[in-house]
Amino acid sequence: MIASGRIAALGILVVGVMLIVGVLILAKKGKLSPKIRKVPGLTAIEESIGRCTEMGRPVHFAVGRSSLTSPNAAETIAGLSLLGHVAKLAAQYGVELIFTNQLPEVQPLGEDIVQQGFVASGKGEQYDSKNVRFLSSFAMAYTSGAIGIMHREKIAANFMLGGWYAESLIMAEAGFNQGAIQVAGTTQFAQLPFFITVCDYVLIGEELLAAAAYVSEDQVQLGSLVGQDFMKLIAIFLVLAGALLSTVGLSDLARLFRL
Amino acid sequence: MIEAIGNVIAAACILSIFSYLYSENRAFRLVEHLFIGIAAGHMVVMTIFTLRSSLWVPLSRGSTVLVIPLVLGLLLYFIFSKKYSYIYRLSMALLIGVGTGLSLRAAAHANLAVQIAATMTPLVASPLDAFKTFNNILTLVMVVGTISYFFFHWEQRGILGASGKIGRYAMMIAFGASFGNTVMGRLAVLIGQVDFLLFTEGIYVIPVALVCFLVAAFYPGLKSKKPKKDRT
Amino acid sequence: MGAIMKLRAIDPKVVYLLLFIVLAVPLIRPIGLPIEVSMYAQRFYNQVEALKPGALVFYSLSFTVAKTVEFYPQMVAVTQHLVAKKARIVYASWLVDNPPLVEKLFTDLSFEKRGLKYGTDYVHLGFIPGVATGMASFARDVHKTVGADYGGKPVGDLPLMAEAKKAQDFVLLVGFLSINFDQFVGQIQTPYKLPLVVGTDGVSFAGMLPYLSAGQVMGILNSMIGAAEYEALIRVTGKGTGYMDAQQMSHFLIIALVIVGNVAMIMQRGSRRESR
Amino acid sequence: MTSIDLRRDIAYVIVFIMGIITTVEYFVVSPGLRSISADVQSWATIVAAFSLGVGSINLLRIHGRQVVKRGQGYYNNAVLLAGMCMTIVVGLWGTTSHPTYQFIFFNILYPSDTAVWSLLGFYIASAAVRTLRIRTKEGAVLLVAGILTLIKNSPTMGVVWGGFSVIGDWLLSVPNSAAVRGIMICSAIGVLALGLRVLLRQERTSLGGR
């Protein structure tokens, strides 16, 4: 028995799973050559790490406040994937990476991911666990600690990728006052205006979630982005068809979606 | 009396944090560390109480299944072992699995099905209303535009390009409106703080802070030795 | 021209200082900027205005300490109006956070100096635990639910409480609620069909509007604006007016600085073109 | 496919099973599955609670090391540790309703918390003044929408001209909600794909894999 009120959602989920899995299989067989548009925010990550090398100043990374046990876990997972990418680059360039954290459950992962990033770049011995800092799970205490660290360590690049809430603007302004290049991303709509106005590059919603696949340069993962495009096309079709049909009095499609 | 002392301490904390606006300084640093320390203690206390009620009490009353999270929770501490650190991943796997599941179902239901259904309304408002009809059409166009902004694979040219452009503008209006609308709520908290500083014993801290600030500003030699604002 | 060039990049520290001043001045001396009173506040006012002298009012609170800024000015304004209408008030809280605030209200409004007598004109019952169950049992039998008042006096010894034995004994419910609002409506307002007016915070306001159109709530005060509106209605210049003045002055400051910055930028662009 | 690495594979099997249980339970009516899923979710919260210990050890290590080394500004680190220990001791021995705990909570923790919050008030003003500029067409659109909603939230301006609140409400209810909906739909699609990549072991970094 399918729960009432959730039938349409299940249908969407099934279609989405089939599409993405199908595309992943195609990509794995090498039958798909995705041409993904440039996402400026993601190409900027490497540039800003390069800038840190020139200036001899550290990079700051944070994933925000969306708990892994909440429905917003996906953005934290996306942020953590990017942390791995940044850790690899930082190790390659020989830049100090400071990861500040306010989610206790992310702390062991953060230590592991940063270390693995250094190991992947062949510089495992340079990893220093004191740079993966748990500050507080009390949001504003974390924020005060993070802005203090950003100032004292004179960071030259600031990456805020994950689930951000009220602290977004405080940290972005602190980063701006430090003259750091800032790349931010979240799916939390209320915080996007602040990132858009204050940060240099912003990953809006889906761009953040797709970022890890994008930077992986792995054909299979990139393939799944093509699947996402097909889903968007379907969404556009459904939205247009539903609105036009109900305008002429056929609200069956709309009713279907409320099942 | 105790209340007055409390207010003075509170005002000192507030002013020290505000002093960050000028520059990071010793007073801010001290309060920052104190704040983190107390917050950490508070969270530890809260967590212990939570674990007592959600783990220890039911476990001692015979809910033996709870041995699983107990063991998984303890396995997390293998992160500190050099040799066996990978064991902690078993516990994290539970969290990531549950988190992914929760995200998937929320995405499919609340964010896809419900939002798509909400857009499927008649465009022409009944009874006939030109303004409402215009709004309905505009909403539809803007929703489609915003979605097409996010295409990764297909080039943003032709219809897709035009639609994506509409999406960009729609988002800019939305960001502007959301920005303007948030100002009110953020200022409300600040007003409360200014009110507290002006109308409690906290007001005595303001001149002290000013003196410290002026001393620090005009005698740079002292700057490295004395904090800019009074300490708590 | 030089001055305008400087304005182009206004030092953030200047903005911070100006903002602080613009906030502090109206708090010290409220200006009383004209405001349009909304229908929500007007309806709240009408309910209280219609009270007959001696009417029994149940006044309850449920919001966390952090929301005090938004609620307290409303409470002060509404209480002043209730006292002026000679209503007899029973105070209670559904959250541990709130009783100290009620006591503060008594001292801030100097109840004793006004000649109000504890026990006959007003009573403070303190915190009533249990949220929904507590509310339901309070509505059924006040004396069984609350044995003693906030100060520990047996409820039976208070003359006012002899008349307040169940929900129906009250003629008006005044609530300052953010959390537990729906329980309050479900357990006390709807079953006993009592008129309810609510003061609330900015976050909860929109969620309460459906209750207003359904007639379950008769009037709503929305955050600081609501307090300022109420003060305008009862012709008092209080904290709400000061807060709202501060709020609006800071809005005007931001708007003015944004315009100045843009004008300076455009003029500079123009002069650069001329010099070419 | 490389050879089986038990250390990683077991973790991924757990991720997959837990993900499927939590997702499927939501869509089907099955009391058995529902109770399993509820159990699994409460386990996750318990495990997450345990991780606070890892964070606290991190705090103790970093700040303890500073104090022992007498590094620069070590007294700050000492204050942090002292504050932490004091709060824990008072909180556990005297519970959170102990007067000392209440004093710390209401006179240090709460004002500091709201003070950091209030920094937002200052920053939102300075960010508005600095960034709301007509540099590009898009910037101009953002600026106009921002100023109009700001005016809408100033009731005095409503006395001047009633149209401000109409425009402000329109901005929030039409373009704003349309864009929010578009972003939400796309983010949800992104979550779907990301979730599948994680469950199918395509995206491995998040579990410390390479």
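As written, the chain order gives the labels A, B, C and D, with residue 1 at the start of each chain.
Keep this in mind: a residue touches a chain if its C-beta (ideal position, glycine included) is under 8 Å from a C-beta of that chain, and two chains touch if they have at least 3 such contacts.
Since this is a predicted model, take the numbers as computed values, not measurements.
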Quick one: name the chains whose C-beta contact count is the highest of any pair.
-> B-D
Please indicate which chain is farthest from chain D, where distance is taken between mean Cα coordinates of the chains.
-> C
Averaging C-alpha coordinates per chain, one finds the centres of chain A and chain B separated by a number of Å equal to 16
Could you please state the distance in Å, as a whole number, between where the Cα atoms of chain A are centred and where those of chain C are centred?
-> 40
Quick one: chain B and chain C, Cα centre-to-centre, how many Å?
-> 26
Report the inter-chain centroid distance for chain C and chain D in whole angstrom, where each centroid is the mean of the CA atoms.
-> 29
What are the residues of chain B that contact at least two other chains?
-> 17, 20-21, 29, 31-32, 35-36, 38-40, 42-43, 76, 79, 89, 92, 95-96, 98-100, 102-109, 112, 116, 119, 140, 143-144, 147, 150, 171, 174-176, 178-179, 182-184, 187, 189-192
Check: chain C positions touching at least 2 other chains come out as 12, 16, 247, 250-251, 254
What are the residue numbers in chain D that touch two or more other chains?
-> 23, 26-27, 41, 44-45, 47-49, 51-52, 54, 56, 59, 106, 109-110, 112-114, 116-117, 119-122, 124-126, 128, 132, 142-143, 147, 150, 153, 180, 183-187, 189, 191-192, 194-195, 198, 206-208
Line, ring, star, complete or other: which describes how these chains touch one another?
-> other
Complete list of chain pairs which touch one another | A-B, A-D, B-C, B-D, C-D
Touching residues (chain side chain A, partner chain D) in the complex | 1-3, 6, 9-10, 13, 16-17, 20-21, 24, 67-69, 74, 77-78, 80-81, 83-85, 101, 104-105, 107-109, 111-113, 116, 119-120, 129-130, 132-135, 137-138, 140-141, 143-144, 166, 169-170, 172-173, 187, 189, 192-194, 196-198, 204-210, 212-213, 216, 218, 220-221, 224-225, 227-228, 231-232, 235
Inside the complex, what are the residues of chain A that reach chain B?
-> 6, 8-10, 12-13, 16, 34-37, 39, 67-74, 76-77, 105, 108-109, 111-112, 135-138, 140-142, 144-145, 147-148, 151-152, 189-190, 192-194, 196-197, 204-207, 210, 214, 225-226, 228-229, 232, 235-236, 238-240, 242-247, 249, 251, 253-254, 257-258
In the complex, go through chain C and note every residue touching chain D.
-> 9-10, 12, 15-16, 19, 33-36, 65-66, 225, 228, 244, 247-248, 250-255, 257-258, 261-262, 265-266
Within the complex, which stretch of chain B touches chain A?
-> 17, 20, 24, 28-29, 31-32, 35-36, 38-40, 42-43, 76, 79, 85, 88-89, 92, 95-96, 98-100, 102-110, 112-114, 116-117, 119-124, 136, 140, 143-144, 147-148, 150-156, 171, 174-176, 178-179, 182
Chain B-touching residues of chain C, taken from the complex the two chains share = 12-13, 16, 20, 23-24, 27-28, 68-70, 202-203, 223-224, 239, 242-243, 246-247, 250-251, 254
